[in-house]
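Which chain is which? They are A, B, C and D, in the order written, and residues in each are numbered from 1.
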Amino acid sequence: MAIMGTFAFEEDFLAAAKNLTSSGFDNISLLSPLPLEEAQEVLGLGKSPVRHYSLAGAIFGAISGFAMAVATSLVFILPTGGRAIITIPPFLIITYEMTILFGVLFTLVGFHFISGLPAWSDRPYLSSASVDKFVVVVEGADGEQAARAETIIRDAGADEVRHVEDGQ
Amino acid sequence: MSTIVEKLRQYSKPGYYDKFDYHWTMTIDLDRCTGCEACVVACQAENNLPIVGEERFAENREIKWIRIERYWEGEYPDIKMGFIPMLCQQCDDAPCETACPVYATYHNQDGLNTQIYNRCIGTRTCAVYCPYEVRYFNWFTYTWDEPLEQQLNPDVTVREKGVMEKCTFCIQRIRIAKDNAKDDNRRRVRDGEVVPACVQSCPTEALVFGNSNDPEAKVSKMMKSPRGYKVLEELHTTPSIVYLTKVQS
Amino acid sequence: MFDHGQPSYADVNKDIISTMLETGPKYWTLLGITVSVAGICFFMPWFYQLIVGVGAAGMNRNAVWGSYLSNFIFWIGLSHSGTLLSAVLHITNSPWRKAIYRSAEAMTLFSLMTAAMFVMVHLGRVWFVHWSFPIPNQMGLWPNFRSPLMFDVMAITTYLTASSIFIYMGSVPDFAAVRDASTGLRRRLYTIFSFGWRGTAREWHTLGWAYTFFAVFVIPLAVSVHSIVSWDFALSAVPGFHHTIFAPYFVTGAIYSGTAGIVTVMYCLRKFLNFERYIGQVHLDSLGKLLITLSLIWTYINILELFSTWYGGTSFELEALSFKLTGFYAPLYWEMLLFCAFVPLLMLFKKIRWSWNKMLVISILINIGMLTERFIIVATSQPRKFLPGAFGYYVPSWIEFSITVGSFAIFATLFLIFIKWVPAISLYEVKETLRPLRRDA
Amino acid sequence: MAAIAGPAINKMSKISRRDLLQFIGAGGVGVAGGILYGEGVQRNVEFLIPQVVPPEDYSPGVATWYNTVCNQCSAGCGISVRIREGKAKKIEGNPVHPVSQGRLCARGQAGLNVLYNPDRIRTPLQNAAQRGSGNYAEISWDEALTTLGSRIGRLKIEGKAGRVRLLTGRTRGHLDELFAQFMGLLGSEHYQQYDFTYPAAIRAANRISFGVDQLPYYDIKHADFLLSFGADYLGTWLSPVHHSLAYGHLRQGRQGRRGKTVQIEPRMSLSGAAADEWIAARPGTEGLLALGIAHALVNAGNYLGSDRDEWSIALEAYSPSTVSAETDVSEESIVRLATEFSAPGTSLAIAGGATAAGTNAVASVVAVNALNYLAGNLGQRGGVIFNSDPAFSATAGSRQAGLRGMLDLVEAMEAGDVEVLLVHDTNPVYALPENVRFRRAMENVPLIVALSSFHDETTAMADFILPTNTYLESWGDDVPDPGVGFPVASISQPVVAKLYDTLAVGDIILLLARRIGGELPIRLHWATMEEFIKERWREEYELRSAAGEDQDFEAFWRASLEAGVWGQPGAATGDESVPSSSSMIASITDPVSKFAGSESDYPFVLHPYLTATFTDGRGANLPWLQELPDPMTSVVYGSWAELNPVTADELGIREGDILEVESPAGSIRVPALIFPAIRPGVIAIPIGQGHSAYGRYASDRGVNPIHIVATQVDDQSGDLAWAATRVRIKRTGERLRIIKTDGVTRTLGRQILGPKNDHA
């Protein structure tokens, strides 16, 4: 059982969100057509752990990149141009590129883990949320809880409130 | 463990990690060279260089592993002509080698700068990097008018379109000489036992070829001549070909 | 910010998504043209060249590198428009970026692809190109990481990967919007594209962070890519190539031509997708200012290059210099200076900076200039190396010209396909620039 | 390879073992796309061993080397041919042969192009349409020989054998003897040779000066000072390879002694480029210059012979001052040359090229001979050494027709006195001036038979073409002329099985003799040329074995075959006896060439020159030589006319402007080339191109300057004075790109030829 409140105005939407959190609803999601700093603050989202992934990727890339270059020259001991077998400067360039490559890839992976995407299962959603409506979704609330949530949302000035079964 | 470390240390030093048995070297005495171009034909015959035809020459796409460059000095009547045979200098610090992304050209045990045709993907970077412009690219797959192909040397590959090629110091001859040396249990090839086609043909004996690791070899003696110099020395490609200047009287 | 009054959130969705859903005959004819030009001018000559050999092009002993490589540099350069620009502006969060960055990044992606095509065309034995990638194979072949060309391979593959991820992640919320606006197969497709994006605060938050990191990675990458391309030349001893200035020279040139490219694309988007409402004077003006700055830097570096060559004073360098300034290709050189150094100065006048048509002309001239610049670098240095006996010159063959033309068609084709699959303007970021509606409003 | 340890080598072997895998790999790639697939796979199948070092399991086949004689020019170098799987792969000099000593010139090595030339005639041919149409029908040998045999036989019976004529190129050794016998037995004294390059003047001059009718051995090798009057001894003169060897030795072969060379010629040749001093005397006055030097030499009292007074009288008229005015060579340099020439140490003067091809040719060479005499170079090491003892039959030279002989032949043909003309290995239609009208004269000959391996301008007129083996497929022998100072004879033997239905010239003659009948078959009883040669060698051997040779002939024969040459290095190096000077003094005449065409109408002197590659045009059908950049100009494929830059500026001529070069005898159109080392007022055009029918590589390419040479005879030698024609040039306004491999021919101050501070 989930309750969805649709707002036309950003300010009302945020107000509703605040009230809900302050009155102890923790399982709420705030759908908006554009990123809203305030909404994220309401949910108390601080620094995203994505950055750890980026760092890990970069480090991994750097090491593997350099390792690959050195390994190659040691496996194929083919002297070229009188240079050393292990020639640092060119290998640093390879390292550099690999650092970035894996940094990006890991960040991508990180994004998916943290945001929980892809998630194609049908979750409470209103298509207008991608246009101009702001939607508050309160999940796992039932009976008296639900009623409270609904009132809070209505008070905040929702255009409409609807009840949807979870996992529909 | 220590050996590994020490190998790594060794490998991170420039230069070659191993003392070669051979360092094939050529000296070219410009005081003997008459520019007759016997060497050019000798090379063409030995190394299956294509007959490219008039249009290709017009397009500057001829293939001549060794060519004679000519430079005038002065004006009529006090004018002099200087010939200089130009072929792959088999540089020890060859700019072309580092350029190849697929190791198609590298430095072999005899100090030769070798081109592996079937590894080449035709980026042509080596030719751009070569200051001596002695690398030649197969813009097309060349054919021979029957029965001229019967002359082709079976010891040398015919190159296909899209690969780079260049002077090899007649490596096929070197290989045969080495095999012979091996057969009669000599560690090294005797001096003068093997010479490239150009050296062999030179009517004035201007070209001398040999192993400069062997101080007794004729080439080692020639290299010591006060007239000796290397072309474009300032680029520090450390060529394996030493020229002896023409004496100006 | 908005020349024609502020649109509502709904308008934004309608205006932008409609350009994807409603496809008129004009689009199809345009697409038809670009596709056939690409086929006839690019692929047919290329296949011919594959059969006879690279000799089909005009390159010769004196210049084994030709227009294929100069085009390669040009397209790589063009690619610096998007990712770099959008990333930099994202981090410095300048609002005017938001309307244009999507298509700018698309440019990046597609010009990179075009550039990659030119590598293929350039190679003597393209059917073995996979040997230049670190792919384990039965022959035990493995690339030589000491080679500047390997730097290229690594850099460009990384760049391609990174910028495609960059543009895709930036578009995920918009894919969701398209999903919601469409039905049937398209809806199902975009459900997949959008990963089932709902636009929850958490999703926005994660995306924001990830996106910033992408940007952070992409900026140094973009810089390194063109530096590395320049090193293909600068690492050789060839007079005219062997300059320490080359890396900044190339990078500046790249951003320069890229930015000019954006102006051109903006113009087209405005014209053909009626985005007048979103792409306005402010964008044009800021781009114009950026272009002036870049042109000045570019000119400065050019002068530096000439100077250091002259100061080098060796017979080699001086010959290369005189050949560039007075030799076979001198007219091209001066044309380049005119288009890239002098014409852009016109943008100092607001009148010109604010006129779309004038800016279009200037931006195109700049890119013509840059195209010739790349060509001059390749074509004037090689034929004048160290041994005068091997001096010569190089003239592109008609096949090279045709392939050059075809490459633009390829780019256009990709772009046309793009605007039908991805919102050419970022919906949510435009919305960010709109004043939020208030009850009292 | 395993002999040398080391990772790099292991890698190399790995690479080679990868071939099949690579094929598979490429196949995998191919699946990606049609054309790439095709390319990837096909190429790899075709070149399964395409790499710089052959794979381990591929052991280099063993090549066999056969020694024989080069026939590409008349130097008679010994060559070794490398044979693999029955195919000739490479030609190199024969190390034991005294002429080539293991070295070989470009032309000699291009002999393989002769053997494997796509344009070779593969079966006997009979003219199917009217002459010159080049329209031939194939016939069998039997048919051809029977027809000819009966035709000639009838003439013989009718006693008209004199109406049969044999014209060959420079033929030496026992083939020459066979020809002579054949014609003799036939009853015709008309066996002549025509070779444009034959140094008739030198021979005649030696007869006059020294009373020896031969080409002496010029010992350049040991000379300290070499004075060459127009002789391009490194490119085309007499024996280039041998001279090159000598030159190398002269320059750097002796510790602390570097010989000096001076070249006197209007246009710088290879030898001129090599010389320390290049003097462009006024064309046609080189002989005069020689006399001037002689005068200075005698006056300076550097000649101490008893007959010095006679000399000074004879040379009175040629004081340096007068000579200087005539030759445009400064007085002091004449005197200097005289001193240097008579300075201690060996000196040598030689004459050739244009100097020996004027109307004054013999007189000039005589003058040069005088120089050698006065400096005491005769019979000396590093001087002129007479080949006292040729191995055998060095008489061939005396059959040289020269221009006079050819004019007689033309006359005879026009008068209808020639019934049958046998032509072999000579191309007079090409190598004679057009207004000799040789070609037109041939039309009056009822039956022309060409014995040749290739179609050329002369065979185009033949009714029958009998295809001959190339020199690499035939038996023969040769005595190098000039010799090397001691008796030498070389054997030439087939090195490969003949490629086509062809026969060696000797065998054709023998077969023909059989068909003709009469006493010919009895006297010429040998089945094959090989048999004939062998018998002759046996006779020679027995003759000489009296002079203390003591192995049996078979052994000797085998040894000679193996070595490809027989010689007596120990033998006397010519007679030291200095010939009497009286005849020489008597023969000193004013050696100034008379040019055809007045200076006013024809302001330029035409200087046709032989090139090291094509000589008299013979080499033009060899692709390797067509693709060999000209040593002095780097031009490939085609002709050009060289002008001095100054002259060119005056006339506003740029490289590539097509000029009409017109002489009193005719005109040709040829592109101009600005050549810095040519005397102003001289136009130099290389000989060799301009063939109309000489195979795919030579035909319709360039021009033939011989055709516009005025037909002037040098009276004393009877030879063509091909360097005595004046021309005028006109710009046609058309242009033609001259194909050169050179870029810029100045060093631009780059130290390419060595550091500027030269070690002298």
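In this text, a contact is a pair of C-beta atoms (placed from the backbone, for glycine too) under 8 Å apart; a residue touches a chain by one contact, two chains touch by 3 or more.
Bear in mind that the values here come from a model prediction, so they are computed numbers and not experimental data.
Visitor: On a CA-centroid basis, which chain has its centre farthest from subunit A's?
Guide: The most distant chain relative to subunit A turns out to be D.
Visitor: Please find which chain has its CA centre nearest to the centre of all protein CA atoms in view.
Guide: Answer by centroid distance: B.
Visitor: Is the number of contacting C-beta pairs greater for C-D or for B-C?
Guide: Higher C-beta contact count between the two pairs: B-C.
Visitor: Counting only Cα atoms for the centres, state how far subunit C is from subunit D in Å.
Guide: Result: the chain centres lie 64 Å from each other.
Visitor: When the C-alpha atoms of subunit B and subunit C are each averaged to a single point, how far apart are the two points in Å?
Guide: Averaging C-alpha atoms per chain gives centres 42 Å apart.
Visitor: Using mean CA coordinates as chain centres, what's the gap between subunit A and subunit D in Å?
Guide: Using C-alpha averages as centres, the distance is 88 Å.
Visitor: Taking each chain's centre as its mean C-alpha position, how far apart are subunit B and subunit D in Å?
Guide: Spacing between the chain centres: roughly 31 Å.
Visitor: Where does subunit C touch two or more other chains at once, residue-wise?
Guide: 62, 125-126, 128, 141-144, 146-148, 150, 386-390, 392
Visitor: By residue number and range, which residues of subunit A touch two or more other chains?
Guide: In subunit A, residues 73, 76-81, 83, 87 touch at least two other chains, as defined above.
Visitor: Enumerate the residues of subunit B that touch no fewer than two other chains.
Guide: Answer for subunit B, listing residues that touch two or more other chains: 60, 62, 69-71, 84, 95, 98, 100, 103, 106-107, 119, 163, 232.
Visitor: Which subunit A residues qualify as touching subunit B in the complex?
Guide: For subunit A paired with subunit B, touching residues are 73-74, 76-88.
Visitor: What residues on subunit C touch subunit D, complex-wise?
Guide: Spelled out, the residues of subunit C in touch with subunit D are 47, 50-51, 62, 125-128, 130, 137-141, 315-316, 319, 386-392.
Visitor: Under the touch definition given earlier, write down the residues of subunit C that touch subunit A in their complex.
Guide: Contact set of subunit C toward subunit A: 8-10, 13, 134, 142-148, 150-151, 154-155, 157-158, 161-162, 165-166, 169, 172-173, 176-177, 179-181, 191-192, 195-210, 213-214, 216-218, 220-221, 224, 228, 427-429, 431-432, 436-439.
Visitor: Quick check on the complex: what are the subunit C residues that touch subunit B?
Guide: For subunit C paired with subunit B, touching residues are 52-55, 58-62, 64-65, 122-126, 128-129, 131-132, 141-144, 146-150, 153, 232, 235-238, 241, 382, 385-390, 392.
Visitor: Could you pull out which subunit D residues touch subunit B in their complex?
Guide: These residues of subunit D touch subunit B: 1, 3-4, 6, 8-9, 12, 15, 19, 22, 43-44, 46-47, 49-54, 59-61, 84-85, 87-93, 102-106, 109-110, 112-113, 115-118, 234-235, 240-241, 244-245, 247-248, 251-252, 258, 260, 268, 270-274, 276, 278-280, 499, 612, 623-625, 627-629, 631-632, 634, 636-637, 644-646, 676-680, 696, 737, 739, 741-742, 745-747, 751-755, 758-760.
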